[in-house]
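Common to both upcoming complexes is subunit A, partnered first by subunit B, then by subunit C.
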Partner chain A sequence: MSFLALAPILAVVAGALISLLLEAFLGRKGHELSATAAVVSLLAAGYFIVRSWNLELGYFAARLSLDPLALLLMAVFVVLGAFVILMSLAYASRRDIALGQLCGLLLIALAGLMIMVSSTDWLVVFLGLEVLSVASYALTGLRRSDPASSEAAAKYFLMGSFAGAFFVFGLAILFGTSGSMSLASGLSGGGVPSALPAGPAVGLGLIVAALFFKIAVAPFHMWAPDVYEGAPTPVAAFLTIAPKAAGLVVLLRVLAPVLGRGGTAAAVFGPVVSAAAVLTMFAGNLAALRQSSVKRLLAYSAIAHSGYLLVAVAAGDGPGLVFYLIAYLFMNAGAFAVLTALEGDDGGTATLDGLAGLGRRHPALAACLAVFLLSLAGFPPTAGFLAKFYVFSGAVAKGHVVLVVAAVLASLVSVAYYLKVIMVMYMKDAAADLTIGRDEPALWLVVFLCVFGVVQLGLWPGNLLTLIRQGSSGLF
Partner chain B sequence: MIPPLAFFVLAAVLFVLGVVAFFVKKDLLTQFMAVEVMLNAGNLAFLALTAGPGRANAQAIVLFVIAVAAAEAVVGLSVIVLVFRRRKSIRTDELRDLKG
Partner chain C sequence: MTLAVFVVLSAVCVAAVAAMILSRNPADNALFLVVAFAALGGLFGLLDSPFAAVAQVLVYAGAIMVLFLFAVMMFDLRRLEPRSRKRVRLGLASALAALLLAELALAGIRISGLAGPAWRSAEARDMARLGRLLFTDYLYPLEISALLLMAAIAGALALAGRKDAG
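Right, the complex of A and B next:
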């Protein structure tokens, strides 16, 4: 019980309020200032996260508890938030987006994510999820002059609130029949005689379906490609990584004990999660094969990665999941950062043909994109290879052999479209002239940091692995 | 006295009606209203399943859900207004710039 447990969330919320107020009172002049305020608040949150390591802080009778899993994920969110703000600095003014609004909404979404990963109570998870969702709808629609952006926001809002209603109804059944809002004791009976047979299981099923919606797991992924494509590119980088990470951690916290205990509950939920994982991998990868827009291709690849990550959830493999999420943060944020740089001034996103000859005209940028794509495909010696290796070998150790065979097959399919992009960049002659002469140091910094992360985690993952294992002993 | 279970059945029926309306209607506002029906069915289910002494938490939870629904409505309605300004229509079958 310590007030310090709230410090990271308070820092982020304070930053959000300050950047929104600066935007409101200074208008365009306040843009740089509000971005600075946002980054400073992220640094403060980072400081409190590092400070809380191994302290096991908790608040609200431990309904909000900063265990190592929550702290690692919070660190991921803070780094991602900083990346997105740096990517937006020049992009926002080019695309007529109010930077202060973007920073404020982004920080509010980050607060929701932090609440989600650190809570042990369903109501708090729901509130965090909704804080995240409401901020994300607004973030998606920020390019007000662009019809695609508002269309994406409308679709995201409709599907998101639809999923939210399922969450509420599931919660009602779960609470009504088990009498407990705790994540851990959902299916263990709770001591109250149940009004409905198998009531908690039905409630939990509805909640898991709602979370699948938010993570973009097939068959609930239909909204995702449209939303990721229509959203402003830095926001798309955020949406493909953050809600997925938080949702998967909640799923891990709920399902790992259920699946680990065995019995009927495991016999029901285990196959469901495995089937969803396989379906997601193939739905994402097969649809990505026939895309001509690079942004949409990456959107489908993000869906496929939800499937790989679900393998870790199905195996109850917490350390594997966290390592995969950290590797995924660097490779996906990097790919979207390069995409931000490639976007033309007219607002169109890069098509596959538009990338032709990029290897000759902008060798550094092309090389970085190639590294990110190879990592997403899972080639050694990048972080993506090790992440897949740990998750898949962890799942085999738990006996999920069929699931892993399907996952390996799906990643083989994915190699086809990742390599297609690389081939177009290096082996086709330029058809149109793609000029990237802009001076955007912040964006290059993000690209550099992501390359560094991908290569460093691929070659020397030791430090991070030690940290994850140290945190995970006795936890998951 | 009406048994609490009857209210739960009513809530379940309302929820299913909301789901059906969400898929049948092709209009952003009507679909949003369907979602609101589903959310309030959830609230009713909370109260119906937790009727009885010593279960007052549920009523506090319902207040939270109402607050969340209000926040969602604010953002959602502004998004719908934004779509209408761009296209002069809020029919979902005309929202198909993004596909592939």
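Right, the complex of A and C next:
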């Protein structure tokens, strides 16, 4: 029990308040200042996270507990937040977005994410999810001059509220039947470990459906492509990674004990999760094949990756899930960073044809994008390959052979569209000249760090794996 | 007496819900739903749970219905709304407002009446316990809801505030 457990969340919330106030009082002049404040608060949060490692801090009667899994995820969120802010520096002024508002809302969303992953109390998880969602709706609609952005925000808001209602309803049933808000206790079934009481099962089913909505799992993924495409590009990078990571970790915390224990509960929820994973992988990958906008292609690829990640949840494979999420953070953030660089002043997003000849005119940028896409497809020696390898082999070890066969088939489908982008970049001649070459050191820094992360984790993943194993040894 | 009130309130509630489903105009639907919520609040009051009654009126009839009405107003209603119905709607709206005011006043009188020796009654103790629970066991969720409200305000400002100043 220590107040220090609150420090990372407090640092982020303080940063959000300062950014918003700077934006409110200084207006346009405050933009860079508020971005600086946001990055500083992220550094502070990062410091507190590293400092809390292995201390098992908790507060509020363990409603907030910084176990290693929570700390790893918090670190992922902090890194992602810093990436998104660095990506938006030039983008925001180009697109007439108030940078202070973007930073403030982003930090509030990060606080929601941190609250979500660091609790085993349903009520707290739900409130964290709502903080994240409310901030995300606003972030999606920040490009106010663009109707697509407003449309995306409205869609996200409606679908998100709907999912939130599911969550509350499930929570009410769970609380009403078990009298407890704890993630684990609702399903213990009165001393019989294998039994599945009907009330909690329905409640848990509703909550799982709501979480599937939030992480864009088929058949609840219809909103995702429009939202990811309409959102400002750096925000899209955030939305494709962060809510997914938090939702999956909550799912893992709930479902791993249920599925691991066997009995009726596992017989009901196991096939549901596996079926959703297979459906998501194929729905995302098959739809991505037909896209001509690169941003939309990446949106569908993000849906497909939810499916691969669900394989890890179905197998109860905590370390595999965390490693995949970290690898995914670098490769997806990198791909969206390159996309941000490619967007011209006219506001249009890069189409597949627009990428033609990029390999000749901007070899470095094209090479980076190629690395990210190969990693997303799962080619060695990138991080994406190892991540898929760990998740799939972990699932086979748990006996989910059919699921893994489906996952491998789906990744084969995905190779087609990732390679199509690379082929267009290197083998087609340019139709129209793409104007890049703005002076954006922050963006190049993000691209460089992501390439570094992808290659480093692909070649020498040892340190991180040790850390993850050490952290999750007590949990799974 | 209790039975009579119960019968009246439930009849109003059922009739309002039926009218809500049958009526074609979205604005009327929303207003009928408010009537149903208000009647429901009265039913909670009959069940000796003043907190549920007040929350029902304040939260549902007050906050959530305002949200509904805003959403309804965002659509173009002129096409759906014949001019002749305007007076009916006005009458309905003012009757509703009076009903809500009466309920709130009643609740307020009962709560302020509790400040005296009646403070030791069971329902008052329940309310006090609820408050204490919120600030002890459920402090963390309470603080997070404060953050949630701030997120909502910041988000609303970002989406709808003045464009130059933000």
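The rule is short, and it goes like this: the second predicted complex is superposed on the first by the 468 of 476 C-alpha atoms of A that agree within 3 Å, B and C clash if a C-alpha of one lies under 4 Å from a C-alpha of the other, contacts with A are read in each partner's own complex, and residues count from 1 in each chain.
Heads up, the rule we're going with is that contacts are C-beta pairs under 8 Å (C-beta built on N, C-alpha and C of every residue); 3 or more make two chains touch, one makes a residue touch a chain.
Quantities reported herein were computed from a predicted structural model and do not represent experimental measurements.
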For this session: With the two complexes superposed on chain A, say which partner A:Ser293 touches: subunit B (first), subunit C (second), both, or neither.
Result: first
For this session: Have a look at where A:Met281 lands relative to subunit B and subunit C in the superposition and call it first, second, both or neither.
Result: neither
For this session: Return first, second, both or neither, reflecting whether A:Phe162 touches subunit B, subunit C, both chains, or no partner chain.
Result: first
For this session: Pick one for A:Glu130: touches subunit B only (first), subunit C only (second), both, or neither.
Result: both
Exercise. Thinking of the overlay built on chain A, is A:Ala256 touched by subunit B (first), by subunit C (second), by both, or by neither?
Worked result: neither
Exercise. Is A:Phe175 in contact with subunit B, with subunit C, with both, or with neither (first, second, both, neither)?
Worked result: first
For this session: For A:Ala153, decide between first (touching subunit B), second (touching subunit C), both and neither.
Result: both
For this session: Return first, second, both or neither, reflecting whether A:Ile108 touches subunit B, subunit C, both chains, or no partner chain.
Result: second
For this session: State whether A:Phe60 touches subunit B only (first), subunit C only (second), both chains, or neither.
Result: second
Problem set entry | Touching both subunit C and subunit B, counted on subunit A across the two superposed complexes | 123, 127, 130, 134, 137-138, 141, 144, 153
Exercise. Where on subunit A does subunit C make contact in their complex?
Worked result: 13, 16, 20, 23-24, 27, 59-61, 63-64, 98, 100-101, 104-105, 108-109, 111-112, 115, 121, 123-124, 127-128, 130-131, 134-135, 137-138, 141-142, 144, 153
Seminar exercise, completed: In their shared complex, subunit A is touched by residues of subunit B numbered 5, 8, 11, 15, 18, 22, 28, 31-32, 35, 38-39, 41-43, 45-46, 48-50, 55, 57-58, 61, 64-65, 68, 71-72, 75-76, 78-80, 82-83, 86-87, 92, 95, 97-100
For this session: Spell out the residues on subunit C that touch subunit A in their complex, using ranges where they run on.
Result: 137-141, 144-145, 147-148, 150-152, 154-159, 163-166
Exercise. Which positions of subunit A touch subunit B when the two form their complex?
Worked result: 123, 126-127, 130, 133-134, 137-138, 141, 144, 147-148, 150-155, 157-158, 161-162, 164-166, 168-169, 171-173, 175-177, 179, 181, 195, 225-226, 229-230, 291-293, 296
